[in-house]
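Lettered A, B, C and D in written order, each chain numbered from 1.
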Amino acid sequence: MHSSLHGASNSGSSQSSETAQQVSAVPLREHNGGLMTAVKATLVRDLTLLLRRRGEVLNPLVFFALVITLFPIAISPDPELLAVIAPGLLWVAALLAALLSLDSLFRSDYDDGSLEQLLLAPQPLAALSLAKVAVHWLLTGLPLALMAPILGIMLALPAGSYAVLALSLALGTASLSLIGAIGAALTVGLARGGVLLSLLVLPLYIPVLIFGAGAVQAAIFGEGVSAHLAILGALLAASLMLAPWAIAASLRISING
Amino acid sequence: MAFDSFSEFLAMGGHAPYVWSAWGVTALLLLATVWHARAEQRQLIKGLKRRARRANSARGNAQ
Amino acid sequence: MSLCLQARQLACERDDRWLFQGLDLEVRNGEIVRIEGPNGSGKTSLLKILSGQLSDYQGELFWNGAAMNEAREHFLANLLYLGHAPGIKSGLSPLENLAWYQALSGESGNEDQRLEALEQVGLAGFEDVPAGQLSAGQQRRVALARLTLTPRALWVLDEPFTAIDRHGVVDLERQLVAHAQAGGCVLVTTHHELTASPLLRRISLG
Amino acid sequence: MWAFIHKLGSPKWFYGISAKLQPWFWAAAALLIVTGSLWGLAFAPADYQQGNSFRIIYVHVPAAFLAQSIFIAMAVSGLVFMVWKIKVADMAAAVMAPLGAAMTFVALFSGAVWGVPTWGTWWMWDARLTSMLILLFLYLGVIALRGAFTSRDSASRAASVLAMVGVINIPIIKYSVDWWYTLHQPASFTLTSRPAMPTEMWLPLVIMVLGFYCFFIALTLMRTRSEILRREANKHWVQELVAGQVVKVPAEEAR
């Protein structure tokens, strides 16, 4: 057992303090804010990276379209039946597509060592990770929300619910990105974290799914959707307040190995 | 007493399969957790004792 | 203001095994401190503890006399840590990589500074090549460009000589000595034998 | 106060005090559960609507209570571990998770079985059962996450964070599932919500609930003790403790 330490600091400390007096000191910096600079740079960096690898941005969208194609084939092409299940199908498929891309949120940063550097920045880690999540939503959740109405047409989604579908998805996927990022941060240090990530995150997605799909259904039945959207907004506000701290704490755990 | 006889008690007014399966599974799980905890404890202490004895005899041989 | 990083009775246990125990350490300006020890003796863990990344340790850390918890932000503002992985994004050019690192500490900086830093590490002409197309040694040099680009008093370098050619090793070693002479401080682990210098101090683990 | 918290945090102290407490909780659990079972099964009157199938309530409700309470206890332990670095709290959290999952399973199973005479089907997407099912997934997530790490310290901290995130979400999940259920199944019959239960019906239920809680405490104490031995096997006090017992054994063999 290697338990003891040989010749720790006694060997040279006295002599080195003498040398320390001979040399001038490098001026120490005061930490002077710059949080906005750091957040902006992180946003720009992640956007640039993802836009250079367009495949990664497109894959969730293709997955979304593919899954939606499977349902009429598996169930029935009957427009009336499809119209009934369309809100739920669209929401579940979008949710899975958003989940699919989560695993890579911190993975490449972890692998190349820049996550370590992110944690050592003299800025609040919560704010920096929020920037990363924002980019994830901008390039996954938002495109999914914009694409959903097109797939809605293919599922014979009744008129009048398209705007609500896109809006509820845009609001909801933002919460999904935030909650999912906690799971991604917890599993980033694990070699095969992908499946585990879904297991951790999917139960937490249920409230968003209920009110998101509920909003579209309410729109179809001609009921008021403002309550649903308000709750989705409240969920987003709560996630915005709490998730960044959980993400930061999780990242610190993962970096410890 | 809600039942007139023991056989009536067992029959649970025709709901016997449901009542007894629910209670049975519960009892089984509770007992299983206790048994598992006991087995776990015994095994641990046994392992620790074996280790201590080995350490003891090693010390004895050295002397 | 002088610089002082102190560790008192530092101990690190990793899954029932003590990596080190009762370690007292004081690092001041004008020093190069080399942490030595065989593989698995906890060199990287020690550097991670000293750079505030690992919280799972016993003992106390002080930065300029203040407990690390309270001085953390000031400490991080004066720290430059380079780990095993260079932390270079393969999808970004060296210039873009450096720009992010500069911004992380709150400085926007300008392109001339970054170009100059890259030139100093011998990467002139590679400024706009995606870092993924550079060799491992060149990527390491991009990371090392941060030493001149973002001046920090305390350098914590984990195996900085990895993948660097002989010429680069000499340059880097000279840079470490110059930093210490200028009053900075270097904490380093390396398998490369550093030239003896009055500024160099060794600490062995394990 | 601080001294007390840290004393409580010392595994050795906890090992000693839990040895004294444990038998009391086991006795209370056994007494309460046996009394409650006899009373609930044989003496409580049958329900005027559901007949004797209603007796499932005496296992379903305590299990459901415990399932939720254990998750909260696990999250609180996680918080204590993260804030004060008290390792015993994490050991307790680690042994609570499987029991919580087992209780959730009991609640689900008894609920499903109860559904057959009540609704005529083995599974209903009833609000309570659906929340329970989600809770089971949350438990499985925590257990799986703890198991996935190679470093025990990281595993503990990750599981603590997940338990805390989960406990914040449980009320939200419960609320949204209730809301979803009323939307889709307006004014339907739920298993356990009933107006004014007579005393001889709810008293055994209270006894069973208390018994289950005592059982949970006793089992957690016992398994935390095992966990302490496992994790502190290299510590001096554990070796002394075991050595004291080892010395006795050869003496017995010699006779």
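Note that in this section contacts are C-beta pairs under 8 Å (C-beta built on N, C-alpha and C of every residue); 3 or more make two chains touch, one makes a residue touch a chain.
To keep track of the chains, here are their UniProt names: B = Heme exporter protein D; C = Cytochrome c biogenesis heme-transporting ATPase CcmA; D = Heme exporter protein C.
Keep in mind the model is a prediction, meaning the values are calculated, not measured.
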Of B-D and A-D, pair with higher C-beta contact tally: B-D
Most central chain, Cα average position: A
For chain A paired with chain D (Heme exporter protein C), centre-to-centre distance based on mean C-alpha positions, whole Å: 32
Inter-chain centre distance, chain B (Heme exporter protein D) versus chain D (Heme exporter protein C) - centres from mean C-alpha coordinates, in Å: 16
Rounded Å distance, chain B (Heme exporter protein D) centre to chain C centre (Cα mean): 55
Centroid distance [mean C-alpha coordinates] between chain D (Heme exporter protein C) and chain C, Å: 48
Sites on chain B (Heme exporter protein D) at which at least two other chains make contact: none
Chain D (Heme exporter protein C), residues touching no fewer than two other chains: 151, 153, 233
For chain C, residues that touch 2 or more chains besides their own: 56
Contact footprint of chain D (Heme exporter protein C) on chain B (Heme exporter protein D) as seen in their complex: 1-3, 9, 12-15, 18-19, 21-23, 25-26, 29-30, 33-34, 37-38, 40-41, 44-45, 48-49, 51-53, 55-56
Interface residues, chain A side, partner chain C - complex: 1-9, 11-13, 16-17, 19-20, 22-35, 37-38, 40-42, 45, 48-49, 52-53, 108, 111-114, 116-123, 128, 252, 255-256
Complex contacts: residues of chain A adjacent to chain D (Heme exporter protein C): 182, 186-187, 189-190, 193, 196, 199-200, 202-204, 206-207, 210-211, 214, 235, 238, 242, 246, 249-250, 253-254, 256-257
Chain A-touching residues of chain C, taken from the complex the two chains share: 1-3, 17-26, 28-31, 41, 51-56, 64, 73-74, 76-79, 81, 83-92, 96, 99-108, 151-153, 179-185, 198-199, 201-206
Contacting residues of chain D (Heme exporter protein C) [partner chain B (Heme exporter protein D), same complex]: 33, 37, 41-46, 51-53, 55-56, 59-60, 63, 98-99, 102, 105-106, 109-110, 113-114, 116-117, 215, 219, 222-223, 225-226, 229-230, 233, 238-239, 242-243, 245-246, 249
